[in-house]
Amino acid sequence: MTTGRLEAFSDGVIAVAITLLVLNIQVPAPPLPHGKTLAHVLAGNWPVYAAYITSFLTIGIIWINHHVMIRRLREPDHMILFLNLLLLMSIAVLPFATDLMADYLKQSSGQHLAAAVYSGTFLVMALFFTTLNRHLLLVEPQRLREEIPLERRRQIFFRSVTGVIPYAIATALALVSPYVTLGICAAVAVFYAFPISSGGASDGAAAEP
Amino acid sequence: MTTGRLEAFSDGVIAVAITLLVLNIQVPAPPLPHGKTLAHVLAGNWPVYAAYITSFLTIGIIWINHHVMIRRLREPDHMILFLNLLLLMSIAVLPFATDLMADYLKQSSGQHLAAAVYSGTFLVMALFFTTLNRHLLLVEPQRLREEIPLERRRQIFFRSVTGVIPYAIATALALVSPYVTLGICAAVAVFYAFPISSGGASDGAAAEP
Amino acid sequence: MTTGRLEAFSDGVIAVAITLLVLNIQVPAPPLPHGKTLAHVLAGNWPVYAAYITSFLTIGIIWINHHVMIRRLREPDHMILFLNLLLLMSIAVLPFATDLMADYLKQSSGQHLAAAVYSGTFLVMALFFTTLNRHLLLVEPQRLREEIPLERRRQIFFRSVTGVIPYAIATALALVSPYVTLGICAAVAVFYAFPISSGGASDGAAAEP
Amino acid sequence: MTTGRLEAFSDGVIAVAITLLVLNIQVPAPPLPHGKTLAHVLAGNWPVYAAYITSFLTIGIIWINHHVMIRRLREPDHMILFLNLLLLMSIAVLPFATDLMADYLKQSSGQHLAAAVYSGTFLVMALFFTTLNRHLLLVEPQRLREEIPLERRRQIFFRSVTGVIPYAIATALALVSPYVTLGICAAVAVFYAFPISSGGASDGAAAEP
């Protein structure tokens, strides 16, 4: 298994997952219910768009960070393939988690759990990313393409650890309000997607500074 | 991040989005309603096919132009990755916008908004394409693979600006008639897809001369 | 645009289309209607499996032949990109045509049209393939990677022309019986997929000898 | 046809199939039935998650093993392309088989057949994998990139043969209990995915030691 093929397959899964998100945005079946306009119905679906944009940007950032991480690698071992597969699973499941979040955000029952599942999926994704980074940087550094000083490797690793924090907070706050959870996930996505934070975004998971 | 990987991921997203469009073409559930033939039902679905072909050709053209644009680049910076992600989002959302257009074109309510959302998505796509082109050609020209004279760079950029115009018109005319909007988008797609206009099609977004 | 990128994008669209076919195979919603076993219900869905296998093999063959064709090319011109886009559209639409065929095969109304649309899509695909081959081999031979004698180029082209014939017959016979149409398409798929006919399969569309 | 393109197309199909699995995880439509919580409903769907994880890991392992196998090859012949297409078909059909398993596991009718279809699909996949391996290692060894001693080739082949066994047992035991079938398939997936068994996992199908 070469690093190139690992990247190509990961790219494929991530590209399909990010594009499948659109299937969650349903067209309201015409004709519209009496007294409702399409504008009303579409506007009422705002949680769908908010969750879509948040998930799209987050997957986009994890894709960028995934490449930065894998590019450091000379050749993967079986543990890296396994951890990468788990990371891909947490990404591939996002169309479901996003749909759940969007469908229950405005409900009076189930909204807290839906939000917890949503940010919980990001949390698991960030944890797998960090574990993969740890294995690569601290456990098997001899597999790196170029030697990196221990100090620098630790620094990169700790950055991806800090990336876990906002999702842990967002998941905990799902008990309080699903809006807060979605807001934190959206803020994290916008913060790392925006080019201002470019320095850090290239060294960790979706959520790292 | 290399230009090659940026292209591969973009190709993946665009290939999935263009192929997912087919999910909008629903098979009428048998048995058919009494007194209706399959030919009648399928023929009545013509907005679905018209929107499908228009979106398919438009995504095909944007794919061609995307490569022409990215091929000029030596190495992307974070701003390019971010703008490219926004461009991909506007493409990935097209299966929804296409479905909305097709479902509401013949309705007596919601048809104007549906058409505005449809051409509006193309408009946003063309705007992101132009912004990306501007960043690449005029803001960060030192990232180009080969030096291009300022005069020529401006020319390429202005071409992609003009590509925005038909979609702006189509979106405005959605207030008048959704048929006009679909007609303009279809005409733009056919015009740039057809090899006669090959000179210009290789320098801009879907809509540029 | 390089030949490599043209192949990669075409591969992407073909890989997505061939895999999306599975969405046509629906799981019967449990609990089953009284007095029916799952075996009965699944067995009654045999047109779905027959159409699935036929379409899967046919797309697989067209993928093989597409590469043999494109590999001969040094660099595509705009006409080739355009014809290739039309070819990809005819492939991308196959999940719909396959679903239509499967859903109406056993119906007493609409079955002839459904079969005609199914083999008609293959016919259009074979025609686009032949047109693309003609452009490449006879109109723009200077774009070939290696010089091929006119005699040989004509031979390859005529082979892809003969590939159109079975689909034309299958489409005409849809008026008589949809079973005959599906049978011909399935026979063509099996004939070209099977390694016995390997000599010819590398020179044309799904249906060529 | 080069080995590289064969890998790229196979990667594409496998990446799409593995990601499409998520479409089987449906969000329960809000509002929830009276007296039910979202936690209850989601927890009741555990067969969906169990089948999802099992299929995801199994496809991931077959992807790894597919590369190990194809990397040995210098250039594919038509038989290899054909067998590979059949292997891809057995993988592409997994989203359906997974859905069937998940939907019927807890039913009192159809559950045995559903389980047999599920592990039967893995069985067919393992058989195609073994057949492909046999053709490559024992029938056409002159197509290998590097010469491998007969002894070693036989060893690799027999490993993929043993990979068929657990799926044969799981399929037979579907008559007894669908839970046992799912349990065996899950155990096989976890066993080969886990890095502990890394030595063998790189030489055969999903199920080989």
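A few notes on this one:
We just call them A, B, C and D in the order they show up, numbering each chain from 1.
Basically, a residue touches a chain if its C-beta (ideal position, glycine included) is under 8 Å from a C-beta of that chain, and two chains touch if they have at least 3 such contacts.
Since the structure is predicted, the reported quantities are computational estimates derived from the model, not experimental observations.
Here chain A and chain B face each other with different sets of residues for the most part; under half of the interface numbers are shared between them.
Bringing chain C onto chain D by least-squares fit of CA atoms involves turning it by 90°, to the nearest 5. Averaged C-alpha coordinates put the centre of chain A at 26 Å from the centre of chain D. Annotation: 37 Å between the Cα-based centres of chain B and chain D. Residue positions 8, 12, 15-16, 20, 23 of chain C are each in touch with at least two other chains.
Taken together, the chain D residues at the contact with chain A in this complex read 7-8, 11-12, 14-16, 18-23, 25, 27, 29-32, 37-39, 42, 52-53, 56-57, 60, 63-64, 67-68, 71, 193-195, 198, 201-202.
Interface of chain A with chain D (complex): residues 1, 5, 8-9, 12-13, 15-17, 20, 23, 77-79, 81-82, 85, 88-89, 92-93, 95-96, 99-100, 103-104, 107, 109-110, 113-114, 117.
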